[in-house]
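There are two complexes below, and they share subunit A, which is joined by subunit B in the first and by subunit C in the second.
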Partner chain A sequence: MQTLEMPSITSQEPLKLADAPEWFQTLQNLAWETYQNTPAPTRKKETWRFGDLKQLNLDNFIPASEIDAGDIELELNGLEEASAQFIFANDATVHAESDLPEGVICLPLEDALQEHSTLIHQHLLKQEVKLGSEKYAALHAANLSNGLFVYVPKGVEIEKPIEAYHIVAGDNATIFPHTLIITEDNAKVSVVDYFISAKTGQQTNTSEVCYADDADETHLVLAMNDLVAANGSQLNYVTVQNLNLTSKVIQIGSTTVDRDARAKSFVLNVGASWARNESYSTLAGNGAHSDMLSLNIPTGEQQYDQRTFQHHAAPHTYSDLLYKNALYGKAKTTFSGLIAVDEGAHYTDAYQTCRNLLMEDTTEANSMPGLQINADQVKCSHGSTASAISDEEIFYLQARGIQPKAARQLIARGFCVQVIERLENEQLQNLVLNYLDEKFSSIS
Partner chain B sequence: MSIIIKDLHAKIGDAEILKGVNLEIPKGEVHAIMGVNGSGKSTLSKVIAGHEDYEVTSGSIEMDGQDILEMDVDERSREGVFLAFQYPMEIPGVSNANFIRAALNARLPEGEELDAVAYYKNLYSKMDGLEMDRKFTARAVNEGFSGGEKKRNEILQMAMLEPKYCILDETDSGLDIDALKIVSRGVNSLRTEDRGFLIITHYQRLLNYIKPDVVHVMYDGQIIKSGGPELALELEEQGYDHLIPATA
Partner chain C sequence: MEIEDISTTTAPEIDQETADAIAIDERSKGDFKYPEDHKYDAGVGLNEDTIRYISKVKKEKDWILEFRLKALEVFFKKEMPTNWATEDLNNIEFDKIRYYLANGQRPTRSWDEVPDDIKETFERLGIPEQERAFLAGVEAQFDSEAAYSNVKEDLEKEGVIFVNSTEGLREHEEIFRPYFGKVIPTGDNKFSALNSAVFSGGSFIYIPKGVKVKQPLQAYFRINSENFGQFERTLIIADEGSEVMYMEGCTAPKFETATLHSAVVELVALKGAKIQYVTVQNWSSNVFNLVTKRGMAHEDAEIRWIDCNIGSRLTMKYPGVVMKGERARGEVVSIALANDGQHQDTGAKMIHAADNTTSNVVSKSISVGKGISTYRGQVHIPKHLKGCKNNTECDALLINANSQTDTYPAITVRGNQHVTQHEASVSQVSQEMLFYMQQRGLSETQAMSLAVNGFVNDLVSEFPMEYSVELKRLIDLEMEGSVG
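Entry: the complex of A and B
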């Protein structure tokens, strides 16, 4: 068989999903048009201020090709106990296992599109992307073929979290995972998505797998999530981004929180050379509550660029954002957040905090907080800090016998733990702590 | 066995703070240093602990025959020096239990870890002695602690680390009488033949509860007078002025 040069994701119209519903085919055709007609962001765009535009040259990336699950070298570090586990490799479902209450739908998106087309049509990609990556959201939609679909019916509470691994393998391979979670009235669920790089290998005649090259392959993840929390429901969503250090990721998330519902999103970035996260939360009903959390530990040359929006569209709503970055080496972070309180969204509480711990003076942290208030009786605050560990702090720990290096790690870990505690769920906390400690152990 | 300080001179920036301190603290004894603000009391405690802001320009500090000026701060601590801070630092996100455990683990050979069950048993019993609620194990180190709670927490760390020489830098400042009694009881319970104490204070009040063997008066970077416990009472009644050498 002849091997063909793979076409770039930026120039070749994506293959269509077989047997997809008509509305979905239309959506994908339109998305491809939108992608082609939308200009790439420029330096003038506020949403890319301090951003690294050259990261958006994606011409080298190709759609991930189908791989044999046996050909990937991987170790999964996940939850101790999950109520459902999915593994997607290059957007193909390779493992699906669940033990969920009746009425809950939890499926790979490719299957859910067949079986629950109407439900998905109602919620998929309904929120406009506004934080800068409109073009890449369109590229995602045009290529979307799989991901996770979770629907929790009225009043059903799922205690153990659901987890989904999104694995990407192959040089310059791109995946387009999508996560759609719907909690109906008073339902409750926690979901964890992992973005992980794997190495591809070739099966030889023995059981050993040979790897052509020890150097990391470059991967791209263009991920999106739609989180929809109906009245009184609780929706927790955790992203663990641990791609290899030559890969990139753009993750675009939107959360809609209805009356008295509570949504909590948490993004952990430890991997990738460049990560861009856009997170938009709409507080759509009275008494809605949204926690937006993120913990980022960039080292070496890693760059994380995060944009957030807390949109208060109803009165008596509450949002609380806490993003923390512990930066090492020549790492760079950018945070830009906006709180917008609509006319009529009185009695709103909105908080936004970005804290940067500069572990070395070669790091760079940019923070751009913002407020837009068009209502009365509103409590809002925003603040950002960037600081190093003080000599007095180190002296205190050293005076207890702790070596300076260990003292710095202990303080940095404590700084990170403060965000993790906000998850208020021991399983999720332990999961994130494991990744945190793994990252710290790689820092010398 | 003692800490022996000889003709110690130290400066911060260009300012000389210690101008020839001579002091011996043998194991089994409690020494108090009193003096007015700015006399160099706290500086002496920080120089013994090894604070890098202070430069020792001459003189020596030996602990049981070892030159500790050559040691880093953490090494001095592991060798047995403990400084209870006047203003203990807060360490957000690090629980008290983990902090003390990290300090104890730092004293073990590479690769060895404390036994968790024995550790907590020990920690709880020491906390009970200081009337500290169990919730302080999970709380972040000193974060949101009252002044008295912070000082008790210092004594707790001292009790857990079992140092050879304890230096208490104005541990009594900001304590009400009940907290002072609890802290003093904690200190007294650690008084043994194998441990020396240097207690730095402004006020004689503390010395009603922790009875010193020797009282020193510090002025302008030097020990100008030493005596028995009665010296503290004399200072309380007469102040420091009569001890201060007249300038020419």
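Entry: the complex of A and C
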């Protein structure tokens, strides 16, 4: 319950973190200035082509207020086995538990800022935001107060993934979670972030809470992540976005992959009324490898707007992007991707594929797959398709005794599973499959 | 001796020595000019008076003058599209361009009556002999106005109209006015507005119902004067069931300063009609070539743009087809070659506006040296349509380490009864391929030319014979000195 008139996130300078290091305070002050001085995107911006600018009116949103962890009614749907688990409610740490090898630092960002200030200073928000949401990245930075910090030292491999729930509750509440992951040389880690809407438990609730149909509060998530993979390391990062159907999310991610390192990012969108994902991957060292994956199942009036950039800054680098959308109802998706190969980044392999499966006649898919090649000895390709399930395919399954409705579901699921397989990690695959099946079961 | 034999087998139509001889001739073919002698000159720069002057010289009706003045307003209001296009556009100095130059010539029907220097210009470019050989009609434009315009008598008897824009709007207003500026409205973009304000020359063509013009019609555009802007306007109407192929070529001498060419080409294919529009663009490398081309295809009609861009400093051209009637078909076949200092920014626009319409885009680009080639495409399939199909393929070949290529398609599909696919690839001529050919006695340059010609071969064959031979030669030429 909001008792006081709260100031909007767009007009009120955010509160400062108590005892934050000086550099962090400067960063936040500057970010607030940048936010105020940066004009909002206009129709003319290529990065917002086909985008829905109306969504950027954030005047109604207020900073999420502190809530009592006991008030949240939520069923967590996560990993079978995690090496660490964090729960943040309205950007406050409510649960932290970990069983990790020595030397690994895995902490809520608010604590890490005190204890590992220099390390964070080196990597936090170091990549310029270029894919359209410059203004909102500044707003995030100005309000940033918590999130997840993972540091894996040289040669340490963590088999079981780490998971962090970012829960937002309260009408018009906004959270600004930040995830910073650093893998040193030859280290290995997998991290899962969940963005989930919850209700503050004041209302009377039945047993089933927190799912997409329980949509009376509007939330906003302005999330960012910095992924830094040093030489020879492996970094997997999965985002599960399952906010309620009236909420919005802007997620801005940047990945830097150094020599012979391999980074893999996966975004699953099943919730929110509007989601904007911006992912920028820099291949900074010889032999770097980046996989960019996303699976989106928008239904009803949901809109997903995704922008990606594969930046090959060094020779002998490899990137492979696969984004799949299965669209239902009046859903609309926009995909805009760019592969840029810098001068001198020879012997580059870069691939980009966006596939749209149009399940209903009222859906809309926009794709803008782009290439910018400045180098020689490059193998690049991009492909984009949009189509429906053909009658032949349905007929084939019907001939085998499968009802048309089930046949369509089966084909759509198979379409989606292709991306999930690319995770190459059973635990992560099962996790995403659970959310996928839950979403499919809500589609009648 | 032996080596020569092998090279003849790989390029059977012409032996190397002859090719070289032709090549040298070809390179300098367009690079000459005659002294200027203009009776009418709208001066330097652009304002309302320029427009009134042009309109007066052309003795135009009031509605055309009004159309021009309105367009000028739009032109001044519109911003440069540099939010998505290259900054090089800002180097166009609109104040230093001469917008209308003519020496009062009326297009003649016989080469004998064409003034000597202009006749010589086109003779050096080989136009009259080509006309005799294989063309059904020719129009030759020199700076702002057509110097020669002729169409074979039998076609004229069947009702084919092939005239320049001034004459088209004056003599055949009832045919052309209803479509004029309708496919490409004045405000479509800054350069279509500019063209609408100052247009002069170009071809207005009408093909009556059921008439199938077997041989191509051709227009030849020539810029002779420095700092000159050429703004021709072409409108082709193919009435029900008719067929026509139109070809345009262009050259200009190499001046010290930049020249602007900004055309508007509108095609209307009525029910069941077929229009093929072939362009071989070989402007000299100081020409800004900013062209708006769009066709409207009605029921069962077909419009094909066959486009080849080899010259110019910056070309921005995205031929489009609006498929307005059921089962209409649109196609763009495009070859672009960008050499040092050139930027070929080309592409296609396919707007599906009726059920069961199909479109196909095949684009191949080659970047040599520091050349930049860009593909920009748009495919739009709106709601409530069914059975629309689009196929887009764009392949890019990079020759040197510092060559550049970009691809920016945009595809919108609404509804689930359509199929679209887009594919693009970027590759090089591999060292192995070159080595293989060199082993068999070809020089590195020959091997490279052969590989590049192989890359575009399936598209080159879409061009009429005479053009495809010339195209191959032009590509060979551009490839010279690109390796090693």
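The definition used in the following text is that the second predicted complex is superposed on the first by the 428 of 444 C-alpha atoms of A that agree within 3 Å, B and C clash if a C-alpha of one lies under 4 Å from a C-alpha of the other, contacts with A are read in each partner's own complex, and residues count from 1 in each chain.
We take it that contacts are C-beta pairs under 8 Å (C-beta built on N, C-alpha and C of every residue); 3 or more make two chains touch, one makes a residue touch a chain.
Predicted, not measured: the structure shown is a model, and the values here were computed from it.
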item	value
Clash or fit, subunit B versus subunit C on superposed subunit A	fit
Touching partner for A:391 - first (subunit B), second (subunit C), both, neither	first
Subunit B versus subunit C as contact partner of A:343, first or second or both or neither	second
Subunit B versus subunit C as contact partner of A:399, first or second or both or neither	first
Subunit A residues touched - subunit C or subunit B, whichever exceeds	C
Partner chain(s) touched by A:411 [first = subunit B, second = subunit C, both, neither]	first
Subunit B versus subunit C as contact partner of A:365, first or second or both or neither	second
First, second, both or neither for A:101, with subunit B first and subunit C second	neither
Partner chain(s) touched by A:50 [first = subunit B, second = subunit C, both, neither]	second
Spatial angle subunit C-subunit A-subunit B, Cα centroids [nearest 10 degrees]	70
Distance of closest approach, subunit C and subunit B, by C-alpha atoms in Å	16
Residues of subunit A that lie at the interface with subunit B and also at the interface with subunit C	none
Contact set on subunit A toward subunit C in their complex	44-46, 49-50, 343, 346, 356, 358-388
Interface residues, subunit A side, partner subunit B - complex	391-393, 395-404, 406-407, 410-411, 413-418, 421
Residue ranges of subunit B touching subunit A (in the complex, touch as defined)	49-53, 72-74, 77-78, 82-83, 85, 88-89, 91-94, 98-100, 102-103, 106-107, 140, 157, 161
Residues on subunit C engaged by subunit A in the complex (per definition of touch)	83-84, 383, 396, 398, 400-428
